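Order of writing sets the labels: A, B, C and D. Residues in every chain begin at 1.
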Amino acid sequence: MIQNLAKIKHKDSPNFFLIAGPCAIENEDTPRRIAEKVLKLTDELNIPYIFKGSFRKANRSRIDSFSGIGDEKALKIIQQIGEEFDLPTTTDIHEPFHAEMAAAYVDVLQIPAFLVRQTDLVVAAAKTGKHVTLKKGQFLSPESMKFPVEKVTDSGNPNVAIIERGTMLGYGDLVVDYRGIPVMQKYAPVILDITHSLQQPNQASGVTGGKPELIETIAKAGIAVGADGIFIETHPDPAHAKSDGANMLQLDLLEDLLKKLVRVREAIL
Amino acid sequence: MIQNLAKIKHKDSPNFFLIAGPCAIENEDTPRRIAEKVLKLTDELNIPYIFKGSFRKANRSRIDSFSGIGDEKALKIIQQIGEEFDLPTTTDIHEPFHAEMAAAYVDVLQIPAFLVRQTDLVVAAAKTGKHVTLKKGQFLSPESMKFPVEKVTDSGNPNVAIIERGTMLGYGDLVVDYRGIPVMQKYAPVILDITHSLQQPNQASGVTGGKPELIETIAKAGIAVGADGIFIETHPDPAHAKSDGANMLQLDLLEDLLKKLVRVREAIL
Amino acid sequence: MIQNLAKIKHKDSPNFFLIAGPCAIENEDTPRRIAEKVLKLTDELNIPYIFKGSFRKANRSRIDSFSGIGDEKALKIIQQIGEEFDLPTTTDIHEPFHAEMAAAYVDVLQIPAFLVRQTDLVVAAAKTGKHVTLKKGQFLSPESMKFPVEKVTDSGNPNVAIIERGTMLGYGDLVVDYRGIPVMQKYAPVILDITHSLQQPNQASGVTGGKPELIETIAKAGIAVGADGIFIETHPDPAHAKSDGANMLQLDLLEDLLKKLVRVREAIL
Amino acid sequence: MIQNLAKIKHKDSPNFFLIAGPCAIENEDTPRRIAEKVLKLTDELNIPYIFKGSFRKANRSRIDSFSGIGDEKALKIIQQIGEEFDLPTTTDIHEPFHAEMAAAYVDVLQIPAFLVRQTDLVVAAAKTGKHVTLKKGQFLSPESMKFPVEKVTDSGNPNVAIIERGTMLGYGDLVVDYRGIPVMQKYAPVILDITHSLQQPNQASGVTGGKPELIETIAKAGIAVGADGIFIETHPDPAHAKSDGANMLQLDLLEDLLKKLVRVREAIL
């Protein structure tokens, strides 16, 4: 995927690439600090990097969950980060009209897992000409991701990747089916989302839980089986983040994680 | 739910109510014939009836699946059926702006299962003042349906119901967890969708399969446990329908099914 | 199944048959009182009845769980109950040598769900000539129960039935897949175990949990879809029973349950 | 686990250890050739090695599946291989009386996944004083493996390990939940069974299927997350093996696999 992505650095690195940033854009300063820190790390480690931030959280369990600071405001912050650090950027969209709106600010449009079967949304993203990442639905088999990929390519856009984020295992768990990574790589590059794959859905509180202590475990397995990229949400202070605090990696821990993953990557080349 | 629904007949019947019609509105004649036939049956059996038709199929697996005859055209057909037969009607919506559009034509707005976590969509439907039915996500526990219901009621709309349509059991099966029906009835009336609960998702062909020979089985179980309503897609010639042919009940078989369900209903009163 | 079972009463009743008794045989008195009470109820309701008790609990999660009062002692209590009340009886066996041992005391041998793939055990049970009930493994599809049934019939024993007791839904839930009941009835009569189908496995305490308030729900669904029999564990004081207290029905509540199920049964004939 | 295992070589190697051999002992020659070849490879790669062979297949789906050449005969072949090559050996047992019988021939007793909740069997194995490996039930959570481990240690035997072999994902798939490996390592060393984790259960034929092309994928993930050992069934000609042909690795491919796994192992130390 990254070969056609302008602005991305370390394109010829044998490493996996990285999509990282906060869950939601909560303010101007935090995402900027995250981007700066991740960029420094990925430059040192020779890892191609795409900055990620959500301009709007549209699918919270509860109506009183934080949903954003305003679409345009958040998108502009993402755009400024891309310009300031000369980085490609990505955000997720939730309705077809978001596609063109967000495409004015970012380089990669992400389709959320619950929405990956919505043809209008996928086609709208594809038609912007931007790169498209498709999160695998928690209810889809790896083989079924062939069809959303084709919705992008049949719309004339060859720049598509799949993000694995776990499969429903009963009501309370998601499990990454690593057998699916080589299967899906027949259709498109595969990125492992090591943040949302650890969610514990359907919690009684209406707030999705998580198991962040297992981030390293599921990330290493993903690199070992040959995932093309890693997606991670990170924050200087996850406990006080306004969304997904349960699973974001503390920013200070990212360096150690990436170094370990680079070593595993080297072992499979 | 039906107590506040204008136009519905047999309101005081001890029977379950029925939401029935074709999957998609493919033309003018077929849905009209279906409505006429179902109305006659439900009048004989004293069953409150809501006509159902989709104006647009937005979440097909494949890009080349049939998606509709035009939104406005299809909505007008549904409206005419409602007027001609003096029936309440319902359709499913896929984007927030659909809510107001569809509310001009129908009495009940249905939120699809994949989209039931999209706050903007649920709130937009609630704010039209129309009745709202929420399909339980295949990835949600019964307990988790409390939160989408609250998104409707917190928007000032008390007229909400839940439609059960099965839970993912691995990649290839949906299973109805009947334990969930009394659980969800604490939040809202529960309707059992006996068409989509029998889907076999993630088929290699990219076309969802089904087991229509089991319609009677899962419907009887639903009535026996006290479901408030039944949702069924029916068609005079399912094999030639443009969508969901794999699971629609042949219209000729509906009378026998309803009579059997009425008997089970009587046994639990 | 019951047509060839000596001693069973109400053979020509259109009702479902009943397998009921305590989980484990804890002493002499409690099972006797249970049998007496259930027999009285089933005589009034015209329900064929088989008394059930486990002589040994072999598969507890924890080593310190109650496992029994002694095999021979418990089997003799079951036998005496059968003789005193002129009732057919059943117990579950866990090793091939148990088959002949238990066959000296009871009329029906039950193969536990975890063990239904153990050929030696199933064949040993079949060769006693006693009736055999096979619990569907929580890990088996309905279609796969064809093979254990054939292990019985290929051993020359035609008297076999299947007991449905739920399918794993992730780690924490069992779900009854009612679609499987008509599927399995192609191979043998099907009995619904309304006690163990409500288990909540893999609890942190090492003691399996349950949802006994849902007994009526899953039982009604089973009768509505045409199950041939119902299996239930019942106890005068479940909270103080030595095993499976979490799911046994209080004996005082059995009459009401059976009356409701008889009404549902009548509705499907 | 291997620290207390007599005869095992390369005890101080930083590598994972290996349990490998054919599924069933079909004859004298094939297992001998397998042991010889694997021993040579593991000596070169500095991998501690335990020879594995089943003396009896007790849980086949179908009654006409191959079950063995005779218990004693097969156990003697395993013993001879252990003596000739000075190797520790292991086999699986299915009934409590097998424990002492098999303990006379092998060094490690393996409890099958379906049977891991059978207290009598686990305790009988533990009391032989041999090392015990417990396969995680396909229906158990990682946390629940604490209890079978305690059944071994409470019997006075500290030498116990857990073998992960996948969790039911619906009817047709097993999935390895890699999150469970560090969880279970709190209780005992964890070995990943890369043969049976790839099974496709509940096939219409009554013969369990598989996906052997994914062996490398799931093995690399296991080593990356820190599994202590790898369990693999291998055969010179899997297509003609009498059981589990669908998943055994061709013996010729083992060298390449082990070399790749050693590289991943080095990357995580």
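In this section, a contact is a pair of C-beta atoms (placed from the backbone, for glycine too) under 8 Å apart; a residue touches a chain by one contact, two chains touch by 3 or more.
Note that the coordinates shown come from a computational prediction; the quantities given were computed from them, not determined experimentally.
Student: Going only between touching chains, how few steps reach chain C from chain A?
Tutor: 1
Student: Since chain C and chain D are copies that touch, just let me know if over half of their interface numbering is common to both, same, or not, different.
Tutor: Here the answer is same, because the shared fraction of interface numbers exceeds one half.
Student: Taking contacts as defined above, which has more of them, B-D or A-B?
Tutor: Answer by contact count: A-B.
Student: Rounded to the nearest whole Å, what is the centre-to-centre distance of chain A and chain D, using the mean of the C-alpha atoms as each centre?
Tutor: Spacing between the chain centres: roughly 37 Å.
Student: So, what's the distance in Å between the C-alpha centres of chain B and chain A?
Tutor: Chain centroid spacing, chain A to chain B, equals 34 Å.
Student: Please compute the C-alpha centroid of chain B, do the same for chain D, then give the distance between them in whole Å.
Tutor: From the centre of chain B to the centre of chain D is 49 Å.
Student: Indicate the residues of chain B shared as contacts by at least two other chains.
Tutor: Counting only residues that touch two or more other chains, chain B contributes 167-169, 171-173.
Student: Chain adjacency by touch: line, ring, star, complete or other shape?
Tutor: Chain contacts: complete, every pair touches.
Student: Which stretch or stretches of chain B touch chain C in the complex?
Tutor: For this pair, the touching residues of chain B are 167, 169, 173, 175-179, 181-182, 198, 211, 214, 217-218, 220-226, 260, 263-264, 266-268.
Student: Would you pull the chain D residues touching chain C in the complex into a rising list?
Tutor: 58-63, 67, 94-96, 114-115, 117-120, 123, 137-141, 143-144, 146-147, 150-151, 154-155, 167-168, 171-172, 201-202, 204, 206
Student: Within their complex, state which residues of chain A touch chain C.
Tutor: Within the complex, chain A contacts chain C at residues 168-173.
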